[in-house]
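Both complexes below contain chain A, partnered by chain B and then by chain C.
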Partner chain A sequence: MFQQIVDAAPRFFSYYNVLFLLQALAATFLLSLVGCVLGFLFGFLLAVTRRTTGWRLLPLRVLTIVYTEAFRRIPFLVTLMLVFFAFQAVRLETSMFTVALISVCLIATAFIAEIVRGGLTSVHHNQWDAAAAMNFTYLETLRYVIVPQAWKVMLPPAFSFFVLFIKDTALASQIGVIELTFAGKVFANKGFPSALVFGTILVLYFLLSWPLARFGRWMEVKLAPTRTR
Partner chain B sequence: MPQLELVDLRANYGDHAVLERISFSVDKGEIISLIGPSGSGKSTLLRVLVGLLPPAAGSIRLDGQEVDYKNKASVRDVRSRMAIVFQQYNLFQNMDVLANVTIAPIKVKGQSPADAQAYAKQLLDRVGLGHKLHAYPDQLSGGQQQRVAIARALALKPEIVLLDEVTSALDPELVNEVLDVIRLLAADGMTIFFVSHEMAFVREVSSKVIFMADGNVVESGTPAQIFDSPQQSRTRDFVGKILRH
Partner chain C sequence: MNFVVDFSAIWPRVPYLLGGAWLSLQIAFLAFCGGMVIGLFGAMAKTYGGPWVRRPVDFYVGFFTNTPQLVQIYFIFFALPDWGIRLSPYTAVLLGMTLNAGAYLTQVQRAGFASVHRAEIEAAETLGFTRMQSVRFVILPHIMKTLFPPLSNLYILMTLGTSMASVFGVEELTGRAFNVNSETFRSIEVFVVAAVIYIVITFIATLLLAGVGRKFFRAKMSYL
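Let's look at the complex of A and B:
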């Protein structure tokens, strides 16, 4: 088998194949990046909305709860299909990549919302009391007091979710998005040794997720609330 | 006109009544000590005053003006005039001492950082912590944290300071350093609400002592009246027990 890989390697790493792999890598990278960034943003908004009080925002709170609970339970593949058929139903022309992009955002938002909520809840209630007694508004309390203390609880699960998430984007290959796993299948179908093809894909996935995990560790240290900094 | 007047004040935690028909008034510069067994509603009363627990009925008047605790602007006004110091200090764990004391003046009151810091340093010097400006709360002893909390409350230049069992969480040898700071405040003529079990201190500094039990004011009077000749049997029991120890 090793000989087979060595023989096929020059052909496999031809200019056009490498270009194709890089394009696929870029697609996986983009799906992950947009999913993580928008997911964090929207997830944060949902978590913050869920912690509000007062009847005026009640409908919004109910919506966030329904959304988070629903999308954390629906498999990613089903979400992909849902978004795909939703576009079909309204007869909107769109690329598979956009469908995948929207799906990753929907899923990431739901998961991150729960991670952020956990982080916010972990901060002792007396911190809210102290801020309220000094006339901080809800958003000021979050910004200056709660979120800086919640980072250390939110970041580890958030980044382990991001790493899992990069791998989950492979499911987008099921609807024909050309990302890493899809590229692997294409090369395997072309007759390249599977060990070579998927070995390469494995390395590329690793190269995507390892720096992310390192970045997570760096952020944890950087945002540590007190003298552990 | 009294500075603060409570009339038939009631408050509940859910269905449970924690304050029932509390009425008394406070003049400017008075030091009011609230004493009584645990669960009598002393701390709750302070929480109601700063709007952390909405009153269920009755009224609170500040300088003759009734406070509407359902109205955000009214609550903001109260909180800008009264500052509370909590039993567990509640310092912001993500900030050093100086930031803890200056954050509200800068972000809430819109003071310039330079002014806020200059005043904060002055206050921290007064409470004996001028050398700990950049320490984080978890690097300080309980007594030091409580003194920072007092400085933080004073940084907002309140008219009334509410001290909620500020020495209860402290080791005995740290109690005095906090009490010394309160003596300084008292000497300044600030109106102070003092919830405490430090009876000797209560007796020394208070202008009025209010004995509470089961959410009611049982008896109030000068320290001499409450400690030497209590009129109610519950007050006698409580004072008797406390003074025996």
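Let's look at the complex of A and C:
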């Protein structure tokens, strides 16, 4: 069996195959990066909405809670299928990459909203009160008081969620997005030994995820809050 | 744009989907238990083992936490038969999920081990506790209090992760949703129902786990 892998290896690592693999790797990376950046924006909005007070915004608050609780409990595969068939139902022509990107955004928004909420809650309540006493509006409080203190708490978990999500995007191969796992399936169907193909795919994922995970851990140590209140 | 949402074809098949959900829960539970055992040994090896025990465990944890579960199961399912190891889809998924869970649970449990301070054990000794007593009354309550919330989070995430099994033809909730989809062609409706079932079962799991954690381990857990 090992002989078979060794024999197939030069054929497998030809120039165009490697190019295809690297493009697929870039697609995987982009999918999770763009998804998580947009997810961070929307998640932030959601978390900020959830902390508002006043009865006028109550329906909005309920909506954000329902959204975050629901989308954190739906598997990525099911979300993908929902978005995929929703586009089909309204007869909208989109690339599979867009479908996957929207699904990533939907899920990342929900998860990061919780992370941001955790960050906002981590700032001691006295700070909110002090800002209120100084007649800051809600947005001013966030901009000048809360976020400068909370971002250190939010960034490490948000980053580790991003690294975690790189691996979840493997499921996007199921709807035909050309990313790393899909490339693996293509090569396996072409008749290369599956051990070689999927071994390579695993190693490529590892090479993408491991440095980022290490960086995340480094950042966590670096940004560790110096005080708790 | 003449799409009509129509659930009428789905209702008779809801029990079928719920049967799939039961299988999902089983897979998650079995994989979690297996992962707990692997994680316990891994965490012990990482905490008390010498470098030659630690390094392979580090490699295992690093590799399995930095590669996608889906591709791991692909490898188990498609590459191992080349060496003559032929696994059924169910076994392959269970094995992949267990190994994956074992890696994450090694990390989690190691953190739990690290949270027990030497001084606490010494205090227990000073008070005349036997070794069993200090494990039962000092170490375990402490470990469980810190570990229970991350463990239950991981359990919920694993329940969601079982949807991957459908890729390999295991008929759990997502797999059965695909089946119903190809019978009825009410795609959105089927997956909405499946999503709702997932939300409900994980929500019940969260409530139960938070209840247990609060009652027995005095862990700080919210019900939402």
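Basically, the second predicted complex is superposed on the first by the 207 of 229 C-alpha atoms of A that agree within 3 Å, B and C clash if a C-alpha of one lies under 4 Å from a C-alpha of the other, contacts with A are read in each partner's own complex, and residues count from 1 in each chain.
Here, a residue touches a chain if its C-beta (ideal position, glycine included) is under 8 Å from a C-beta of that chain, and two chains touch if they have at least 3 such contacts.
Keep in mind that this is a model prediction, so the values were computed, not measured.
K.L.:
So, A:77: does it touch chain B (first), chain C (second), both, or neither?
P.N.:
second
K.L.:
Considering only the touch criterion stated at the top, classify A:86 as touching first (chain B), second (chain C), both, or neither.
P.N.:
In the superposition, A:86 contacts chain C only.
K.L.:
State whether chain B or chain C is in contact with more residues of chain A in the superposed arrangement.
P.N.:
After superposing on chain A, more of chain A is contacted by C.
K.L.:
Look at A:186 in the shared chain and tell me whether it touches chain B only, chain C only, both, or neither; answer first, second, both or neither.
P.N.:
neither
K.L.:
Once the shared chain is lined up, is A:8 touching chain B (first), chain C (second), both, or neither of them?
P.N.:
So A:8 meets neither chain B nor chain C here.
K.L.:
Quick one: is A:127 in contact with chain B, with chain C, with both, or with neither? Answer first, second, both or neither.
P.N.:
So A:127 only meets chain B here.
K.L.:
Touching A:135 in the superposition: chain B (first), chain C (second), both, neither?
P.N.:
first
K.L.:
Name, in rising order, each residue of chain B that touches chain A in their complex.
P.N.:
Touch residues, chain B against chain A: 50-52, 76, 79-80, 83-84, 86, 88, 90-94, 103-104, 107-108, 136-139, 152, 156.
K.L.:
So in the complex, which bits of chain A are touching chain B?
P.N.:
126-127, 129-136, 140, 144-145, 148-149, 225-227
K.L.:
Inside the complex, what are the residues of chain C that reach chain A?
P.N.:
1, 3, 62-63, 65-72, 74-75, 78-80, 82-83, 156, 160-164, 166-167, 174, 177, 187-188, 191-192, 194-195, 198-199, 202-203, 224
K.L.:
Would you mind writing out the residues of chain A in touch with chain C in their complex?
P.N.:
It is residues 1, 4, 65, 69-70, 73-79, 81-82, 85-86, 88-91, 166-171, 173-174, 181, 184-185, 188, 193-195, 198-199, 201-202, 205-206, 209-210, 213 of chain A that touch chain C.
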